[in-house]
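Chain naming follows the written order as A, B, C and D, and within any one chain the residues start at number 1.
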Amino acid sequence: MAKESANARLEAFCDGVFAIAITLLVLEIKIPRIGSTTSASQFWHMIIHEWPAWFGFALSFVIILVAWVNHHDFFKLISKSRVTFTYANGLLLFSVAAIPFTTGVMSEFMMSDLAKPAITVYCFGVLFHCFSWFVFLRTAMHPVPILKDEATAELVNSTIVKYNRYALFFYLLLCLLSFWLPYVSLVIMTLSWLIWVVSAIKLNSKND
Amino acid sequence: MAKESANARLEAFCDGVFAIAITLLVLEIKIPRIGSTTSASQFWHMIIHEWPAWFGFALSFVIILVAWVNHHDFFKLISKSRVTFTYANGLLLFSVAAIPFTTGVMSEFMMSDLAKPAITVYCFGVLFHCFSWFVFLRTAMHPVPILKDEATAELVNSTIVKYNRYALFFYLLLCLLSFWLPYVSLVIMTLSWLIWVVSAIKLNSKND
Amino acid sequence: MAKESANARLEAFCDGVFAIAITLLVLEIKIPRIGSTTSASQFWHMIIHEWPAWFGFALSFVIILVAWVNHHDFFKLISKSRVTFTYANGLLLFSVAAIPFTTGVMSEFMMSDLAKPAITVYCFGVLFHCFSWFVFLRTAMHPVPILKDEATAELVNSTIVKYNRYALFFYLLLCLLSFWLPYVSLVIMTLSWLIWVVSAIKLNSKND
Amino acid sequence: MAKESANARLEAFCDGVFAIAITLLVLEIKIPRIGSTTSASQFWHMIIHEWPAWFGFALSFVIILVAWVNHHDFFKLISKSRVTFTYANGLLLFSVAAIPFTTGVMSEFMMSDLAKPAITVYCFGVLFHCFSWFVFLRTAMHPVPILKDEATAELVNSTIVKYNRYALFFYLLLCLLSFWLPYVSLVIMTLSWLIWVVSAIKLNSKND
């Protein structure tokens, strides 16, 4: 049974898709063309004017990095694979590949009159990603967990699976909120990634 | 003999090409530019108007994901390599890299007057991919199978090789049909991927 | 000494660059836009009109595939690494990343009045790639071969190193010839890749 | 504890991002379009006119290759991972993905009146990359080094960590200098990469 190597290759393929998705929005940051500007102050204005594109790139980078870290940590817990799991993993990769688009739309319009619908698109992109984690976790746990042992399965059920449900509910609320108070949704959503990273670091320092 | 590691690197290279091809059509989904729209309803119209591009991306994603799963399952059965096999594998990767183009043409034109030729292009793209599997399987089985053992070789001959021939015949029929009834071809072709995924999941649940 | 794993990672990085370079020219094959054509015959004309782009993609695919196969075969022979070798390998990757550009220029202009200079660009691209192999092989053999053992080093010296010098001389001639008889250079150069693949397959079938 | 495989996957993911970043600027070298030129001399002029784009591509290639070699060498010294380290590694990848942009801006404007601000952008890009190495090294050494053993930790502290601080100071000076003497900064910065490669090769030849 080449189950270990089977997952090794699944991980390698996922890493490829993650690596492409995480660098995708850098393509949206256009190098200014010669002739498009003549004075240094205009040049700096153009570079600084690109900041929403940089914000979008940095934000999608963080979101996909967090997704990669979680994906990578979860794969350390499983010991076999399953067809439903492989395809649910495909759905997860699809939602990861969609993050640069939804984040890019938001960063393009966030300083304009159309910030409201653009932020809604961004929030739904994150909600879809969170939903794909829900499907991914479900196929990993049902009908029989593909985890290493019983104890790991129970731990996953009482932590990751539970947190995913909270996150699903939380992001759904942010999606709805974005119809009325888009900037509040945007700030909470963006802070949620920073809090995630900081709390993961803090939790880990304790165990260190 | 470093045969195991030889295939490990062949797989890593293939995974890279698969990962790029599967994310390629996301580049076709353009982020709307600031100034191209002024009202929220127009913004939503632009986002929704992109649905054929999303359909094309999702469809090419599913086709290439199925190809990757099959490729990955087949590599678990083989134990050595061969120059003809390496180059046939290259042909398979070439046909995978062509899928985003043929699927993209179809999704661009499927709601227009030119749906008929565009669907024909899509069908021939799939037929070419199926033909490259035929060459790939042939070089793996001839003159001597590179599979793990005799039993595996017989199993592959009576299942994968046979199904590939049926698929070749089936997709050829859909290509011809697309000249008269393009939408029928499109629906059957697209359903065939969903049926493939669902039947693979069902088959696997039984064995679970 | 983690030498085995060191090369494993070097190979993984190279595979990434090879995988990107091999799929790069597919981005040059533009999906025709809705509205750019209204009749089916015009649509087919546009699709068929893209054949030089397809030819360029297929050709750069074959060139880079052959380079990958050679790279992969050579790495099976070496057992350690060296800083000069790592950087020479970088030069090789650079020349691989340049192949899509030089091949793309040629395929864009090969049916026009400017075929002559475009074919020269293509020939020099291949010459540069061949030269980077020369540097790569030199750093692998000097001052002390990094190959598995003495016998392998002698075999490499009497085959790969020698063939590389012949190839360097041969491609230099084709570069010079391209200034007078561009199409002859183009046909010989393109045939040389096919002959390479076919002869590799024939040689291998004998040993099988 | 699957710590070895954990880092294996972290390396694979990084290799994907490095491979994409290193080939990114090749997309900036546009294949001239048919019809944009009619005479051979004009064709050559267009090809040669692209030299700043080639210079930018080659330069970002060298910078990222050096970063990859250092990253790869450093990972051979560590034996475990840590959440802070994973995220600091993400910051490092972010700065690597930004190199093609800052280098591309510089190469686009370096022959124009706007060379000064463009070179400043390039210098700050390198400074940011150097700073991300500072953070990366700090998380690897604090609170407890994740290196293989005590001796390695001391060696890293007295070499890599120290050199990184010198580099940080050196690049900061070049950034400031670029406001007054941009071309001097550009030449010193660019030479610093060549000196780095040459000195690494020389150092290695001695130990060989």
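Couple of notes before you dig in:
Heads up, the rule we're going with is that contacts are C-beta pairs under 8 Å (C-beta built on N, C-alpha and C of every residue); 3 or more make two chains touch, one makes a residue touch a chain.
Just so you know, these numbers come straight off a predicted model, no measurement behind them.
Chain copies chain A and chain D are related through a rotation whose angle, from the C-alpha fit, is 90° to the nearest 5. Of all residue numbers used at the contact between chain B and chain C, under half are used by both chains, marking a mostly different-residue interface. The geometric centre of chain C is 26 Å away from that of chain D, both derived from CA atoms. Residue positions 12, 16, 19-20, 27 of chain C are each in touch with at least two other chains. Against chain C, in their complex, chain D makes its touches with residues 11-12, 15-16, 18-20, 22-23, 26-27, 29, 31-34, 37-38, 40, 43-44, 47, 58, 61-62, 65, 68-69, 72, 75-76, 197, 200-201, 203-205, 208. Listed in rising order, the residues of chain B touching chain C in the complex are 2, 5-6, 9-10, 12-13, 16-17, 19-21, 24, 27-28, 82-84, 86-87, 90, 93-94, 97-98, 100-101, 104-105, 108-109, 112-114, 116-118, 121, 143-144.
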